[in-house]
Amino acid sequence: MFDLLHHLYENTGISHIDWRMLVMWLVVAGLLYLAVYRKFEPLLLIPIAFGALLANLPTEGIVEGMEFAGQHHPMKEDGTGGLFYYIFQGIHLELFPPIIFLGVGALTDFGPLIANPKTFLLGAAAQFGVFGVFIAAAFMKYIGIEYSLQECGAISIIGGADGPTSIFLANKLAPHLIGAIAVSAYSYMALVPVIQPPIMRALTSVKERGIRMRSLRRVSKLEKLVFAVLIMMLCIILVPAASPLLFMLFLGNFMRECGVVDRLSKSAQNEIINIVTIFLGASVGITMDGTYFLTPQTLGILALGVLAFALATASGIWMAKLLNLVSKNKINPLIGSAGVSAVPMAARVSQVEGQKADPGNFLLMHAMGPNVAGVIGTALVAGFFMTVFG
Amino acid sequence: MFDLLHHLYENTGISHIDWRMLVMWLVVAGLLYLAVYRKFEPLLLIPIAFGALLANLPTEGIVEGMEFAGQHHPMKEDGTGGLFYYIFQGIHLELFPPIIFLGVGALTDFGPLIANPKTFLLGAAAQFGVFGVFIAAAFMKYIGIEYSLQECGAISIIGGADGPTSIFLANKLAPHLIGAIAVSAYSYMALVPVIQPPIMRALTSVKERGIRMRSLRRVSKLEKLVFAVLIMMLCIILVPAASPLLFMLFLGNFMRECGVVDRLSKSAQNEIINIVTIFLGASVGITMDGTYFLTPQTLGILALGVLAFALATASGIWMAKLLNLVSKNKINPLIGSAGVSAVPMAARVSQVEGQKADPGNFLLMHAMGPNVAGVIGTALVAGFFMTVFG
Amino acid sequence: MFDLLHHLYENTGISHIDWRMLVMWLVVAGLLYLAVYRKFEPLLLIPIAFGALLANLPTEGIVEGMEFAGQHHPMKEDGTGGLFYYIFQGIHLELFPPIIFLGVGALTDFGPLIANPKTFLLGAAAQFGVFGVFIAAAFMKYIGIEYSLQECGAISIIGGADGPTSIFLANKLAPHLIGAIAVSAYSYMALVPVIQPPIMRALTSVKERGIRMRSLRRVSKLEKLVFAVLIMMLCIILVPAASPLLFMLFLGNFMRECGVVDRLSKSAQNEIINIVTIFLGASVGITMDGTYFLTPQTLGILALGVLAFALATASGIWMAKLLNLVSKNKINPLIGSAGVSAVPMAARVSQVEGQKADPGNFLLMHAMGPNVAGVIGTALVAGFFMTVFG
Amino acid sequence: MIHSISVLAQLAGDASAGPKPGGVVIVGFLFVVIVLALLASVTSAIGAWFTKQAAKNAAQAAAAAKSTAEAFSQSASAGSASSAATEDSATGDKTDTETDDSALMAVIAAAVHTVIGDRPHRVVSIRSSGPGWAQEGRRQIFSSHRVR
Amino acid sequence: MIHSISVLAQLAGDASAGPKPGGVVIVGFLFVVIVLALLASVTSAIGAWFTKQAAKNAAQAAAAAKSTAEAFSQSASAGSASSAATEDSATGDKTDTETDDSALMAVIAAAVHTVIGDRPHRVVSIRSSGPGWAQEGRRQIFSSHRVR
Amino acid sequence: MIHSISVLAQLAGDASAGPKPGGVVIVGFLFVVIVLALLASVTSAIGAWFTKQAAKNAAQAAAAAKSTAEAFSQSASAGSASSAATEDSATGDKTDTETDDSALMAVIAAAVHTVIGDRPHRVVSIRSSGPGWAQEGRRQIFSSHRVR
């Protein structure tokens, strides 16, 4: 019977707790606080935080069979894996991000972008946030934090402010960084209303912020359908590596706009995206094992993330000012910052800042154009990185 | 850096586009037009069309690991498959069609069939559409299009006018034809209001079309439950190969009728069937690779499909007339055509044609009997083919 | 052609029917009657009964590749498994029970337990039902029914009155008994209003039954969130083997209580739990192959199950009386029986019995405390058994 | 069944070298027709039994409903109870013909009458409480808040 | 496109030893900007075509709506029909500009007018019957109960 | 904890040859009871802390609510604001006791009063805007149509 007791004690996890776990518990508490009380992207951060908590507890039947961060957890004795070995396949096999994009497509109205195609360029400019940080990440070696070029690519995509795309690319180029990259991306997306306004005000004059834009023309159903099909085809032909994301995005959008498959479109907008979000979030969290998470590399990612958002914001604004030099219909540069994606937070920030300059100015719909263009742009950048480094 | 540019160019898909893809794009445009503007079974045709479009674009991360039409796409470098390698498992492992049948069962009211069991025979007669086309397909070799007997079986099931059953059987007997068979089945199901009426009018006299049928007795809950269980048992005992489809159909129906598991029944009718429909449709489409789709075989399938529908319609009507020779309670032969399945379109056609002959005649409920009998009948025929050729 | 007919006949299942199947059909009819007309846990019993019916019919394409009860069904010729080979993976890989617990957590209000933590001890006491029956099962060998210690563990967990936990543990310790254990657990859970009251009345005096308890304090959102996180951490640290169940339970509960992810919480409460329930139930049923089910062992499980429920009920009541010896705030011993779990039936029984003694007494909320404590307790017991025997 | 098919099957000629299209079609179509005819007969048999039972039960139910209603509420006009019962059988699909359900409905109708009195009313829908754990759990939690 | 990038790419220097950060950034950013510019042009072209078509169709639709409405219901005030048509084009998103849909709407408006007469009314919503098998099936079953 | 179990475990005798039923039962049941007792103590501790905090916060919140309400709307009767705050605490489960939420509610109540004036009104429900990307996205799109 002492054997039994000894066996029982050895199987409690008390002896397996180390200081890194304790630190991670505090990180989790912080994430939960931000998610619940500061409403930082709670749909993702709550599952992520719970996954991270689980990763830093002495569990059984959870991570068996998983392989991350150089650590291989062996399978269970009966040859099966732990619970998250199976759930994580959704990320490992790159199923979850495209499925989330199906829902995002079904939730997105491309009307404002179609009505004002110039805003594609604002979404393009904002991708400089990604490339600028790519350089910055590569230069981090001079302050002692070295990233491979693959890692630089995975990290820099944080500047695209698009969760599923970041996870998709990170799984390809730097799977051990998925947790840090996803947390960084979602946290800064939630911080968009804090990060962007000072930059927006610094780079624009009061007069520019007061520009009123021509109201957008109505876009017919057929035009939206043609747009979805043609843009999907073009994107896939030019950047085949982005196929899974962009195919699903535009399939979802076509279902939304065609008006004859409402039951499918509603399922994509609700059941499908909700179910996948829970499992995606928890899977991302499970990679945040303290042993590997608490490194200078991870802190570096947090620093680079905020830089990426700032750069993307600035370059969107600069592009808007550049376009105003050559274009008759003036663009309010405040909508340039919406090119960062972070749908729809960034567009709302444009609206709020615009109304501060002129309370009668409604920029929201105009800002939705670069906002959704940024989603497409970032998916293409991910495809570019996968082509170059994959 | 030129290396990089060269690499980038080689990875765009521009060089991979060939004329067959262009033709398939037109086919896709046609399917989308029919689905959205002519409302041809859009729930299936839109996902199918998008899948077919994707199959005819130069993609990455989509078809890796798939094997269809004699072409084997190798796995990705990291040993994982493309997005549709995994989604397509739902068809390859024969999971999607039975799950769709769970939903169909939960959506089907067998009451009219129970109240008038003779209509089982109309559903049986309509299966002649399948067998007649089986012969026709076998004889196509004399005009230069040769099908194996397996292929004949898979093609002829189009006459059963039942999408999931067609896909189920095609996956077993002729996986390379899944796309053509599914498109043919769904398109003709949508065309039922065009194909059937001339045949119905040609084969019946005005007097026959005016027959008013005795109104159906009410069927109690218990009777519906007993029916579901007993018919399921009989079907499985007599045609074990049809077990997966018929088990799910009657499980769904039992959940619907028992009245104590509404939350399960509603999930089967909505979430489950919607989610699976999207992925089933897109998976079917992905097999429509132009290289293999644009063959005389495929065109032959389209021709045989319409013949199958016509034959099924006619044989249902003949059987009704035959039954009237021996039966006291006359059957309006217009409901015979509903035996083709195509629930509930065919039943609605019976109703419309009946009212043209006599505006006070309501055949809809009577036509629902052969209509749902046709679903069971076609599943049994599929089981028969699987037994003989599987 | 005679070959064809012969082949066809051999492939009907008529020749495969034996008497054990017939007996199982009666068992299925009994289960369906109880589920539909006596409303015995129909959400689980209907899918289970259909699965059991299928297991006792001569099928094709259903059980290929499955291995249960010492019988190995070979794969299909094309190397794929039958429909339930894949669906059953949800149990075999231990995915369904944790996912069900996600929904259960999202449906559970731990408020009453937090407001009156002493009721944790009632939930603990009720676990004696499990351990008492463990001994009883081990002693069954003296009346000729021998169970291994693993089997004893799996059987005794029936006393925990918690379906998913029973299935989870049975899959680990005695997969061949899953069907009998699940049916026993769900049936007796449904019978709680029959089994418990006589025991409750026998063990309490009228005066005890009339005890009115202090009304429960309100529990704030933050407190519920802190409870969910801390209790989850403690449980996992102390009983790591119960991680999958308890992680999911408290993740679901956190999503429910935090109030910022309603769409996820509703998905967990509805879509996710409904979909999994159908497939879980049918998978459990499919193991009830007559050849292996109709043994003295199975009958023994039914007998032990009712004993387990009775013991759990009694020990919960005794613990309440014990607590009253040392505590100032008296506990009505009628809520002790709710420690058996069987949420919320057992709590309702407490309420009903309490009102029989004193119509103005409302015990329902008080009984919810031990009721949900019993869920946690049983998961911990399952973890204990897995640690000792796994 | 198999024998009668085999006679017809002769027409399709020799099948020694694997199945021939003609044979497959004849055997297959007959097979399907015969199986569905069998299903039709079984369904007819079930139907005949139920029709007989339903007639018997309906008579019993009407009687039971009337007496129960009177027993429960002397003041309730028997008319309202029996009209509820009538409506029951008219509503169709959703109600089964079991005696106890009809009786239950009459009881409820009578009870409603007692409470509401002579003002015009109609029992529109009676829903049995779903017994599922989850649904149940939630409903209990909600209703318990009112209880407290 | 590839050529013009390659000219700029020279600036990033030699890349013989695998991709260099500088090269990746210049090529990558230009690539993305050019692709999105291309998408912008395509979208503009689509938009230009549709704007022209929409103008043409709107004129045709108005005319068609008016004549059809008059043809169907002499007694119906043409006003109500054309106001329905106006509302149609105002409602935006949900309606496509196809002539036959507008005409259909005018027909329905006229028919409604014939039935309802002069009492004030307004066609609030016309929903095309969802053609899905499942939705359809259920709707049919429900509506059939009324038919019977 | 482990030590105290081990003392009791002696009663179950020698377990050198794998676990014995008796040993398993004694160790197991004690283990479960002790773990749940531990959970009970932790929960009690949490509860004690929160009860103390809640009392403190409630007092602060009431004060804060009153002053904020007065600050915002001189004309609003302080009564309506404090009644809203009362209702808040009565509604239970859904509201947390945080000061800023109560204050926010008072602010909203005051603002509503300013707009609606003296006509009788009641803040029935205040829902924080769900912050999820998707929900948010859709809501934005819808509301933007009105904005335009």
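Each chain carries a letter (A, B, C, D, E and F) given by its place in the written order, and its residues are counted from 1.
Everything below uses one rule, namely that contacts are C-beta pairs under 8 Å (C-beta built on N, C-alpha and C of every residue); 3 or more make two chains touch, one makes a residue touch a chain.
Chains and their UniProt names: A, B, C = Glutaconyl-CoA decarboxylase subunit beta.
Because the structure is predicted, anything quoted here is derived from the model rather than measured.
With contact taken as defined at the outset, chain E and chain F are each touched by A.
Compared with chain E, the chain whose C-alpha mean position is the greatest distance off is C. By number of C-beta pairs in contact, B-D leads when C-D and B-D are compared.
Comparing A-E with the candidates B-D, B-E or C-D, the pair whose contacts agree for more than half of the residue-numbered pairs is B-D. Rounded to whole angstrom, the centroid-to-centroid distance between chain D and chain E, based on C-alpha atoms, equals 46 Å.
Rounded to a whole number, the gap between the C-alpha centres of chain B and chain F is 52 angstrom.
Inter-chain spacing, taken between the CA centroids of chain A and chain F, is 30 Å. Spacing of chain C relative to chain F, judged by their CA centroids, is 30 angstrom. For chain E, residues that reach two or more other chains under the stated contact definition are 19, 24, 31, 98, 128, 131-132, 134.
Multi-chain contact residues of chain C (touching two or more other chains) are listed as 4, 8, 39, 42-43, 238-239, 259-261, 263, 271, 384, 388. Which chains touch which is summed up as A-B, A-C, A-E, A-F, B-C, B-D, B-E, C-D, C-F. Chain A makes touch with chain C in their complex at residues 4, 7-8, 11-14, 17, 25, 29, 32, 35-36, 39, 42-43, 46-47, 50, 53-54, 57-62, 80-83, 86, 270-271, 274-275, 277-278, 282.
Contact residues on chain A toward chain E in their complex (touch as defined above): 111, 113-115, 117-118, 120-121, 123-125, 127-128, 131-132, 134-135, 138, 149, 152, 217-223, 226-227, 230-231, 234-235, 238-239, 259-263, 373, 376-377, 380-381, 384-385, 388-389. Across the complex, chain C is touched by residues 2, 5-6, 9-10, 12-16, 19-20, 23-24, 27, 31, 98, 128, 131-134, 136-138, 140-141, 144, 147-148 of chain D. By the touch rule above, chain B contacts chain C in their complex via residues 92-95, 98, 102, 225, 229, 232-233, 236-241, 243-244, 247, 251, 254-255, 258-261, 263-264, 266-268, 271-272, 384, 386-388. The touching residues of chain E, counted against chain A in their complex, run 19, 21-22, 24-25, 28-29, 31-33, 35-44, 46-47, 50-51, 54, 92-98, 128, 130-132, 134-135.
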